[in-house]
Every structure is written in structure tokens, then in C-alpha cells.
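Okay, so subunit A shows up in both of these, paired with subunit B first and subunit C after.
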Partner chain A sequence: MNQRVAQSSNPLLTNDSGEHSHRVALTTQKTAIITKQMICMFIILGTFPLWSEWVGLYNYLGAEIAIWIIYALGFNLLLGYTGLPSFGHGAFFGIGAYAYGLTQLGIIESVWAGIFFSVLAGGIAAAVVACFISHRRGIYYALMTIAFGQIFWFTSMRWHTLTGGEDGLLNIHRGELNLGFFSFSLSETSSLFYFIFAIVMLVTVGLWRLVHSPYGKALQAIRMNEMRARFLGYNVWLIKWSVFMISGAIAGLAGGLFALVQQSAYPDVMSLHASGLIVMLTLIGGGFVSYWGPVLGAIVFFMARDTLGAMTETWLLWYGLMFMLVIIFKPEGIAGLWQDLMKRREKRQLKVNGSTENASGEAK
Partner chain B sequence: MALFEATHLQKRFGEQVVLEDITLSFEEGQLSGIMGPNGAGKSTCFNVLTGQYKPDNGRVVFDGRDITGKSARVIAGLGISRSFQIMNLFDEFTAIENILIALPESINRSFNPVHDIQGNVSAMEKAADVLNKVGLSGREFTQASSLPYGERRALEIGVALASDPRLLFLDEPTQGLGADGTARLSELINELKKSYSIVVIEHDMDFLFGLADKISVIHWGQVIATGTPDQLRENEWVMASTLGEIA
Partner chain C sequence: MDILINLLPHIVNGLSLGLLFGLIALGFMLIVGVMELINLAHGSLFALGAYFAMTIINPDLSSWGAIGAWYVSLPLGFRYFLGLVIGAFLVALVGMGLEVCMRRTYGKKAEYGLLLTFGAALVIEETIRITWGSGEQFLPVPKMMSGAFIAGDMIYSTYRFYAAGFGAFMIFVVWLFLEKTPFGAMIKAGAHDSEMVRALGVNLTRLRLYVFAFGALLAAIAGIILTPIWGLRPHVGVDVVIPAFLIIVLGGIGSFWGAIIAGVLVGLVVAIVGAYASQWSLMSMYILLIVVLTFRTRGLLGKKSTLEN
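Let's look at the complex of A and B:
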């Protein structure tokens, strides 16, 4: 054991290779398209139907979690990456759901067309809202998103002829999924789950690429120091506008899938309460410190709802308490806790190194 | 003709007239200094020149082009970059990420959703060169917030240098540095002077007198004197004013 440790720290000690490894480090900062964490998440989520019943859960929950992972990843582009708090994002989720329903009921019974219009509607609505808020930051930004969210919610309640009012749109058939060479029915919850899971994978990989692109870096730069970004020559307004639009389009996608799964679309998902939920679960998961924060948040929330919910009717109270504790003691959320653990482990290993090889601390 | 000219600039904040009538010019290839007591309006002057505020009156011309009232983004795009008096880094980024984000390679791709700038060898090397220039080699992957103060100031200058600007504005780069840090920074700026046109706001007279080709003294929102360090040294009134004795 000691032998191995001593060996592994040796290259760091020889000085002439220092220059060399330095250069290598500089040129190998590439971001992988697929990462270990990604595969891990895909395996856990992808095998959900195989073990869900075994632990007392059910397939449908998997579909729900998958949808909210999409929603939360898109939301975190705005909140965690750009630092823009939207408390009205339920609106775009809801608009996506209505767009899906209206496509099925009024235009054509096609899953693809429904999804296309969900994304489009969510994106367009968000693009319009973004025109009015993108010059703002912080609390004013948040307040304006609430105001717009409420307008959409109110409209969905009152515009009976289009949205069906408080009852919403009902009887949206799950229908067939046409893949060109063959098509299969989505009426089975497990096939539905795998369809959504495929979209989760696409969104996860796509957004991972996006946040590591120059655009993604610009988003983070705006979060950390909007003024500096402007003085560097970034078009801050347009970047803020576009990220809101993208995030809204993804919320629309999630909403469309929600309508597909639920076979209905209703105003509830647009309420302030529902909009608050996405903020809360993204924060609990740790969206500010990790790409995976919103994924963890979505999983924990729905697991808590079903396990705590089975035990007590007041589960939301407990969940709310948990939220408060996280905000007070670990604002970086679950992902932050995890990172701390990893760091501590690293330190402990370093200590082991240090006691066997005195200079390894110096090498670090 | 001078690279940069500002004429009869005026800037008010409500009732308070901060810049009364400022006329300045900066020459290509020179290091120009701006001095003045606390609250004289030096930073405000920079803010007007670099697009943070629109002047209430006056004209700003860069390289023969009228840039009066243009936005910070547009002015940056023309090749003017700046550092700030109050530290202005991307704290959660590493040192090299701070430089990368300021490279034209990144800014020109600000809407590119797929490129991997940290996997871009030429961009990475360029960023590493900038860090090297400001004495931060070996700190590439240290988070900006955990760098010691002096290195943070150096990184600020690096960020401003990354775009390879035609004109570089530095607002009190020595603020908060000890004698040691100031000496090192002076060395660095002396080095940069060879390849860049620079404007430096500075309190520390020794620092500025040792570096500048030309110095303008701002007081009460006006330029009360302009000249070479030697010319200014002979002007007792200027000396008194910058020392704050008649502020």
C-alpha cells in the first residue's frame, strides 16, 4: 500500500517532468461528451422499471421523475448557470402542456407534432417575456417573472374556449409513436417511460455540451459579474434573452411530455406554487454548484413525495422543513454536500500520502 | 492626431456635477497617467470614456471615430479594454478561465453552443501566455477567489490584456498592494508599456512618475494640469493638489 502511494506521487516530485506535465495539463482540458456521472445517472434511471416495484414504487413515478429532470435541467440553465431567478417558469411548462393537448385534439394526433409545438410554444412565450425582463437582475427579475407567470396562469383559467378553464384539456390520447421504420404504442407506461428516458438522455448530453461551450461560459460569466462581461464585449442582454428562451422551450418540452403522460393539461402546473416547486427542487439538489443538482433535486423530491407521502399526509411540511434546513446549513444543496465529502476524502488520502512521502504536500 | 481624444466632457449625477469640463488626449504607444485627489472624478471619467455612462456633454473620439455615448460592449469591440478600481474578476472561474472568457476566441463565439474552448489548444496556449505575461504561470487552475490579493490584481490586468487591446485603461492598479506588490506591478506595467498604449489612474505619485510619459491632473472635475512628470514636479500647485493639501 505504502509502496503504491509512494510510486504514484513520484512523477510529481521530479522537477524536469514538471514542465512537461504542465503543458499536457494545459492541452487536455477537453470536456467529454459523455461522462461517468452521466452513465451512472442513465443506468440508475434507465433501469428504474426493473427495480421500482421491488422497492415499492411504480413505473409511472419514473416517467414523472424523467419529465421533471428535463424541466429542472432547463431551469437550472437559467438559475444555476446564469444566476437569473425565475419564479414563473410553470407558465412555460403549462404552455407546453396545452400546446401538446391542442395539437392532439385540434390539429393532428401525432406525438412528434405535439412535442414540436410544445417546444415551439414554450420557446415563443418565453422569448416574448424575456423581451421585458432581460435588462433586469436579482429581485426585480424575480418579481417580473412572477407577474408574467400569474398572467399566463390567469389566462389559462379564464380562456375556456381554448384551455377548458379549470378542468383543462382532457382525453389526450397517448397514441402511437412513429419511428419511421416502425411504430409502437405508448399506452403502456413502460414504453412511455423509455420514450421519455430517451429524451432525458438527449437533453442531458445536449445541455452538458452547451454549458461547456463559449455560450455556457458566457452564461456563468454573467452570473458572476454581469458588468465585467459587458466590458469584455459580450452582448449581455441578448445572452440573457436567449437563455430564458431556451429554458422556456425546454420547460415547454417537459410540459408536452407531461400532457402526454397525464393525458390532460390543466392550469395547476402554471400556478405560483408549481413554479416555486421547480425553484425549490433545483436549489435542494444543488443547481448552483453542480450540473447534476437539478437531477438529484428532482429524484429526491419525487421519492420524498412518494415515501414520506405514504407515511403521512403532512409530508409537504416535512419536505418544507428539509428545504429550510438545506438553505440554512448547506445552501449548496445535496450536490454541495457530496462535493464536500469528496474533498474530505481527497484530503484524507493526501494526508496518507503526506505521512509516507513528506514532499507530496509540497507537490500539490 | 492622438489615438484617443475627449473634449469638454461633462457628467452630472443629479445635482452633483462630477465632471465639469474634461479635455484629455492619449497618444499611441505611450503610457498616460491620470492623477487627482479622492473623489476628483477620475473613475467617473474612465466610466464615461469606456461606455459605462453617457456624458451629458462633450465628445469622445477613438482612432478618428466618434464613440460618444456608445455602449461598453461596442467600445470594447473597438479594442478598448479596462480594469476596475474595485476588484472585478469571475471569482468562481480558475485563473485561466478568467483569461479564456476574455479572449476574442470566446467573445466572437459567444453564441456558439458546441465549441470546447478549454479543449482548443491555440486558445489555451494564448491564455497561458497572457498569464505568463502577468506573472501567473503555474496558477492556471487555481480558482480566482483563492488567489492572494496581489495575484488577483495581476489577473485583473491579464483579463484586460486578453483581448490584445489597442488601448488599455487601468483604474488604480496598485490599490491595496503593499510596497512589495507595487514594485512588482510597476515592473509589469513597464514591461507592458513596450507593446501597449496604456492609461493609468493612480494615487501613488512615485509609481506614476516613474512610469508615465505624460500625466493629467484632475481636480474638481477639471483637468488642472497636463505635462511630463518633470514638468509637473516643478508645478508646486499641482503637487499640493495631488497630495490632497488643497482638496
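Let's look at the complex of A and C:
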């Protein structure tokens, strides 16, 4: 009983009734804020400009990968953690890009303001959409996201006075980044890359914390069994609504950065094709089983585009075939393969240990 | 009254468009109804059928000598018919291949089927791009059906009416097939309670294969009939699969007449909005969908389906 009283004093852990002890159980496992994998990823991505030219790649690719890592991590919050398939996420990416562009061209030429508005616009658009779809599941959910995605895409193509139609917004200057005590120009790709890389680090750590918080556990409870989660006292609708909004805001952030890098914003990124690509990329990487799935997926996608794309013009065919094979044989993706490999090694290790123990036992 | 007279041609247009939408949705509906599978490759099979037909109607037979010359000299109507039959049949074979790939996703979440067919759509589209190029192409129609006629002060394309009539005919045929044949009864029973049907000794695995092939066949027929109106591009599939998907959900998954009504409704809305604000005509159907689904969560005539889980 005492425990319950102590518990209800913590607003994070309880709702109005204050007696859901399972939440305590869910949150007792401590997770490190920064893990080995995270450091690994930061080192590999952070040193990209140093070795990219050496292996025949270019700096700009690093910026692109970094943006898509942000986008895919945010998307996987929805797909992998909550089990909600959104086929219209490109809309929020595009809205973020337009918001960035419109801020630069119409309001104020400031990178920070642009990014602020792109996050805000992505989040608001997603929050509105989420109002219509959060009581749904499965295919109906997917369909509604497609419908909304198409509406946004259509609007961006047709609303010439605001979005510039099919050409989009052009001539968005990269400008200067003001850090308060000093400012530097983002016109050079490597400084741009490091700016985006810093945001990648923030997003990675932030989302890692989020999915290991009680909220993140609730997301996973919804994925496993929505009805059970509701019976356990979670406000499922609100959680689904908020996760969609967060995911949309992150997509908006990625979109804003995309507009910064591309110096333009156009409707292509909002099409069904582009929205489908983010689903494919997240799944191939293994978003269903690992936090790192989307990161792997983004890297593999862009590497495939550049290496396969250099060899053949039909690289999308091969990528599509690869995707089909992944869905048929290994829906857990690359991260799933890796986990299998680790498990097998562990088993072998155990076997080796076991046999040596046996051997020593016999020797006695 | 005046408004009604002004609207009349748009309503006629809308009805014909609606029948064509219904034709597109038929094969899609069959697969959704029986297999509870959203086939996102439907549009690509649609495009593939049209490309096959185009190649059969106007093949490049310069290296075949006399036989080639003889074939090209055959009447266009005959070659068109040949293209319709053989093209649809070839696409049915492709559909069978796809179904075999799908088998591992049965019993898993419905999203896997959706994703696999999305991948298949990408692969088919890229294959079309490699084989036939990415430019706009043209599917010829027999002289008898082309041309235009004037009624009132509007010009109508003759082919459009043939196509709408054919759409109505196909809808009728599929309805007869589902309602009046034992095969149709088996399909519907399989959709309703697959375990029971299996227990009664029906080979459900084969049934699913045939249903998928039939769905693909209908997609290809729709493609061959419709591309003379809409033009033939590799990405025509994407333009088509979304309306089909939308019509099925609007009508209610698993409901034959729901899909047909939804098709006609979408056709009317698109045509009437198109008359007053042509730029926004295609968007009106998405808004229609959202409005309907907000108030009727299972669509117009929908029943409960496992796809909701």
C-alpha cells in the first residue's frame, strides 16, 4: 500500500487512479542514455567527410543520409514501435520543406526560424490528420494515411501562389547559422553536414530516451495488443494521436533540413512513391526489431542508390526485388539478420563453455 | 431546371467514368474479399496488361518476314481482340507467380501482404520501363469504336461509351460468376470461413491461386480497355491503384454492390467537381472518402473484416 502512495506522487508513472503497478515494473529497467551502438554510429557517420572521398563517395551524400536517418527514426516510432503503418508520411516531410522555404523567402532569413517552423508545421499537420485516424488500425489506418498524403500532395501541386506548383520553391539560400557567440556560413557542404549531424545526434538520443520511457513502453504495448493496452488503463487514442504528431514533427524537421540542403522544396517528396520508399527503407533495415533498423535502412538505401545506380539505370528494380525478398524470407530485415547471427554466436559460446565445464568435470 | 440541364452532360460523363472505376475495382475487390489482401500491385498489373496488348496488337515483326507481314495485315479489330485475350491471360500468369510469392505472408499481419505487393508494384513498373521505355505510348483501338459523336452541344468520344458499356458488362459477368456458379459460392465461402471450407474438402491453396489469377486477369482487362482513354505510361499503375483502393474502402470491404455504388459515386463526384473546378477534380474523391469514413467507419455497405485488426 505504501508503495502505491509513493507511486501516485509521481505523475509520470500514474494516471488518475494511480494504481497501475505494471508501469513501475516496466520502468524499473534502467537504460543507458548513450550506448555502445550509438557511439559506434556517431563515429562512423561523424567521420564521413574524412573518408567519403577516399572510398569514392561525396560529402553531399552524407548530408542526405543524415537527413533520412532523422526521417526514418521518426517514422519507425510509428511503424516499428507502435505498429501503425503510415503510407503518407512524405506529406509531413514535404510540409516541413515548404515551411522552411516559405520562412526563408517570406518571413525571415534565419536557419533557426526555418527549422522551428518546419517542425511546427509538420507537427500541426500531423496532429490534424491524427484526429481522423487515431481510432483506426491495420489496413484502414494505412488507407487513411494514403488518402491524407495524397490530399497534401495534390494541394502542394495545385496551390501555385503558395507552393510554386510542380516546380516548387526555388532559390532558398543556405544562409548563415547563428550560434549566439559566433556564426558560420552553411554554404559549404561539410559545415552543413556537421550541422545536420549535430541534429541527428540530438534526435537519436532523444528518441532513444523516448522509446525507453514509460511512454515508449505504452507504444509497444499498443503494438502487441491494442485492446489489452486499453484494458490496462492506457488512453490508447491519445497515445496514438501523440505518437503520430511526434513522428510528423520529426518528419517536418527532416523536411526542413532537406529544403536547406537542396535549396528548394518541391512536391515530389510528398508523392505516394516517396512515402512508400520510407516504409521500404525502414523495413529493410529492420525497424520491427531494432531501434537501429531505420539507420541501417537509410545507409543501405543511399549506398544502393549510388553504387547500383552507377552500374545500372534500373537500380530501383533490384532494390524492389531485394525488398520483396526481405518481406518474404526475413521481415525482420538487416537488423534481424544481425540479431540471429549474434544469437547463434552466443549459442556456440554457451556450447563451448558447457563442453569445457563437462571436460573439467570429467577430469575431476 | 437550368442547372440540371447544364449538369446533365457532366452526370452522363460521371456515370460512364463511374462504370470504368467499377471495372478497375472489380479484380481488386475479388482479391480483397477472398484473401483479405490489399493488392497494391493491382495498378501495375493493369499497366502490364495494356503493354502486353499493345505489343500483341502492333508487334515489331520486321525480322519474321512473311509471317510478320501477314500478321500485321490482319484487321485491327481481330488483333485488338487477340491482344485483349492473350494480354489478360499473360497477366493472369504473372498474378499466379505473385500469389506463390505471397504464400509466406498468409497468417501474418495484413501489412506484410500490403508491403510485398508494394514491392511487386515497384518491380513490375521498373520492368515495364526497361522493356517499353518510359515515354507515353498509344494503344490503338479498332476504327469502329474510335471517333466522336455530338449530342446536344457536347462532343462525346464514342470509345468512352463502348468502354463504359463493356465495364457494365464485366460487372454483370463477375456478379453472375459470384452469385450463380458453384465456384463463386466456394470463393465467397472461402472468404467467410476458410477453415470450414478446407474441412469440406476444397483445396483452398489452389482456390487462392485461381482467385488471384482471376483478379489479375480483371486488372489487365481493365487496363486494356481504359488506357486508350487515359494514356499509357509506366506509372499509370499508381494513378489507378489508389482510386481502386479508395473505391473498395468507400464501398465497404467485402461488398460487391458497395464497390459498384462507390465507383459510380466517385465517378459522379469527380466529373461534377471537374466541371466547375477542374484542377481539384481528382482531390474531391479523397475528401469524399474522408467524409464517408468519418461517419461510416466500415464504408457504405461494409461488413466486419479481419483487415481491421
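In the analysis below, the second predicted complex is superposed on the first by the 328 of 364 C-alpha atoms of A that agree within 3 Å, B and C clash if a C-alpha of one lies under 4 Å from a C-alpha of the other, contacts with A are read in each partner's own complex, and residues count from 1 in each chain.
Please note the rule applied: contacts are C-beta pairs under 8 Å (C-beta built on N, C-alpha and C of every residue); 3 or more make two chains touch, one makes a residue touch a chain.
Note that the structure is predicted; figures quoted are calculated from it, not measured.
Of the two partner chains, subunit B is the only one touched by A:Tyr215; subunit C is not. Shared-chain residue A:Arg230: touches subunit B; no touch with subunit C. By the touch criterion stated above, A:Thr31 is placed in contact with subunit B alone, subunit C being left untouched. By the document's definition of touching, of the two partners only subunit C reaches A:Phe323; subunit B does not.
Shared-chain residue A:Ile239: touches subunit B; no touch with subunit C.
In the superposition on chain A, A:Met311 contacts neither subunit B nor subunit C. Legend: residue contacts after superposition of the two complexes on their common chain; A:Leu50 is shown touching neither subunit B nor subunit C.
Within subunit A, not a single residue is touched by subunit B in the first complex and by subunit C in the second.
Every residue of subunit B that touches subunit A in the complex is listed here, in rising order: 50-52, 71-73, 76-77, 81-82, 84, 88-93, 96-97, 100-102, 106-107, 109-119, 121, 124-125, 128, 138, 140-141, 159, 163. Within the complex formed with subunit B, the subunit A residues making contact are 22, 25-27, 29-31, 209-210, 212-218, 220-221, 224-225, 227-236, 238-239, 242. Against subunit C, in their complex, subunit A makes its touches with residues 85, 132, 136-140, 142-144, 146-148, 150-151, 154-155, 158, 272-273, 276, 279-280, 283, 314, 316-317, 319-321, 323-324, 327-329, 331. Residues of subunit C that touch subunit A in their complex: 38, 101, 104-105, 108-112, 114-116, 118-120, 122-123, 126-127, 129-130, 238, 242, 245-246, 249, 279-280, 282-283, 286-287, 289-290, 293-294, 297, 307-309.
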